[in-house]
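Same chain, two partners: chain A is paired with chain B first, then with chain C.
Our next item is the complex of A and B:
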């Protein structure tokens, strides 16, 4: 299997353009972190990449073959969506075992033993109705479906939402175990950025329907710095550099700078230069002035 | 296994649940609402007649309740075309399933019990059943897809449809007062039978086409 590519993908709902010409290539055997603010278009992008929803414009291909309505290609992709306890105007009365049974029918590489193991690990009762599950339990079910699908491209949308710290830790370990064993490609959309940053080989930041950046996580963090000090000193230090965000607090200034190869902050004893973590970098890139 | 085979397998599983549910309801009617003087024969006869109603009832109900299963199958990688074909298969499975179970009850069990006065056959009654099934399924295909696209509007429409459908059928039954359910629809077996068949096929075709159009553009949301 080659890379999953999307070219100039647009998604328009009514008058709103949710995705504005996305170009993206997902390489095989990597864990991607997909981060973005609420409504940035993460779920829409994943649903188009997995052929669950059609794009308004553009193409998604795997191995050069279009993904949309192409079962041969779709068989390599699993997008384990958030499961809703509501269905239409009523409650979702399906049980956990119904979801697992449906998944075992639709995913050609379904690993029943792994699914059983995870159900036990997460202490889920298979006969329990989905409408009776807590937010964390719903997340556990989506994780089980994603991991046991053994699809080469597996997408998880907010898999840790509602999970307690122990369950989140278990998820990250299970994910790494599965990744090491199979070399599958995972794309994980999450708002709990810092916790998951270590497992992301690459990070994709979506902002207002565009891909803001797609880069190796470590390389990105190595070149992102926060410079603070007196406004005039900071301005002098970062002159000519790519500044993503400036914050003025009285006479002080904080600036987030993305260094390009060979660049460095001009030495100035009165400014403080600090490395950024992924969460702070994300806020600097996508945050708005209050 | 191809995508279509997987969709068929999934919907077969769902349909078996519907059939078991229909058999359960028909059995309750058979046991509690049969002519007391006719004994076990009465129960079986009533049960078998209820099964025919269940054929329509479950066929109708299935399309209305299907939204959750359609969402589930599409979100697990089923293609739109495969899903559409599987939904037509569901109609055949449910309507034919109930009819065949009924036929089995009335013919085989009836023969075994030396009771030959029952009315279900593969001739006129079968034809009447087919015409009603095509009309019901065609309309329900469209309503089911409307519910899928817009839960609230679809549900209101389906309630209106069920109320009108139930009202018309109920009043017809009450006015004609016939014991045999299929007897109420004997007008379908008259000289215009070919027109009825063509009309029913047209309604089914239109309903299914509408369903396909709605399903093709359907957006899966949480």
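Our next item is the complex of A and C:
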């Protein structure tokens, strides 16, 4: 199985262009983090990559074969979506076991033992109706389906939303266990960026329907720095460098800088140079002035 | 003002320093196997590629070596290599920040030497 490729993918809803020509290649055997603001297009992108939603323009291919309406290819992809406690005409009265049964039929590599183990680990009751589950429990069910699908490409959309901190930690550990065992590719979208940053080999930032960047997480963090001090001194020390955000209070300035290969900040006593975490960097890149 | 509150090092550097410390403190002995990148990844909830980057730093410095098909092991003389390496980094890591701070406070070289002497006497008491 080769890489999953996305060429000039656009998605238009009415007059709104949600995805504005996405080019993306997902290599096999990596954990990708997909981050972006609300409405940036993350879920739409994942649904198109997994052929749950047709692209308005462009192509998605796996190993050179089109993904759309191609059962042979779709068998290798799992996009475990958020499960709604409501169904079309009222409450969703299906039970957890019904969902697991459906998934076992739908995903050819379904691992029943793993699903059972995870149900027990998360302390879910299989007879419980989906409409009776809490937000956290719904997340657990989507996680179980994603991991037990054993699909080569597995996408998770905000899997930790609603989970308590212990359950989130459990999820990261289980994800790494499955990943180190199988070397599957995972794409995980999240808003709890800092917590998951260390899990991601690469991070993909989506902003207003475009891919803002796709880069090795550690390399990205190694080249992002925050410089602060007296405004003139900061301005002098970052001259010629790529600055993505500046904040001023009185005579003091803080600047977020993305260093390019070979570039360095001239360090001296008058400015502080600090490392940034992924969350702070994301806000510097996608934030707006208030 | 304007400073970021958490200042962290790159994770792979922290991983390599943690293993170095374990070697210096005899938690890991010479010719002993160190945890695999997958074990480290699961222990610290980090990507295995990042753990591997930390391990590779140590391999490049001769502190660890690879036994094909078995894993990574602590080299003979690893302790001396780490000590030597840390001594080399000492000036850059500690003296530089010390001198920048001393400079901004107007502390002279003589005053600094006097402080060091006074402190080492106090420490020995």
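Note that the second predicted complex is superposed on the first by the 288 of 290 C-alpha atoms of A that agree within 3 Å, B and C clash if a C-alpha of one lies under 4 Å from a C-alpha of the other, contacts with A are read in each partner's own complex, and residues count from 1 in each chain.
FYI, contacts are C-beta pairs under 8 Å (C-beta built on N, C-alpha and C of every residue); 3 or more make two chains touch, one makes a residue touch a chain.
Everything numeric in this text was worked out from a predicted model, so none of it was measured.
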Check whether A:117 is in contact with chain B, with chain C, with both or with neither, and answer first, second, both or neither. neither
Between chain B (first) and chain C (second), which, if any, makes contact with A:17: first, second, both or neither? neither
Quick one: classify A:105 as touching chain B (first), chain C (second), both or neither. first
In the superposed arrangement, does A:7 touch chain B (first), chain C (second), both or neither? neither
Output check: A:215 vs chain B and chain C. Expected answer is one of first, second, both, neither. What do you get? neither
Classify the contacts of A:47 with the two partner chains as first (chain B alone), second (chain C alone), both, or neither. first
Once the structures are superposed on A, label A:71 by its partner contacts, choosing first (chain B), second (chain C), both or neither. first
After lining up the shared chain so the two structures overlap, which partner does A:87 touch, if you call chain B first and chain C second: first, second, both or neither? first
Can you tell me which positions in chain A touch chain B when the two form their complex? 43, 47, 50-54, 69-71, 74-75, 77-79, 81-84, 87-89, 92, 94, 99, 101-103, 105-108, 145
Residue positions on chain C within touch of chain A in the complex are 1-4, 6-12, 38, 41-42, 44-50, 53, 100-101, 103-104
Residues of chain A defined as touching chain C within the complex: 30-31, 169, 172-173, 176-177, 179-180, 198-201, 217-218, 221-222, 226, 228, 247, 249-250, 252-254, 267-270, 272, 274-277, 280
Under the touch definition given earlier, write down the residues of chain B that touch chain A in their complex. 1-3, 6, 9-10, 13, 67-68, 71-82, 147, 151-152, 155, 217, 219-220, 222
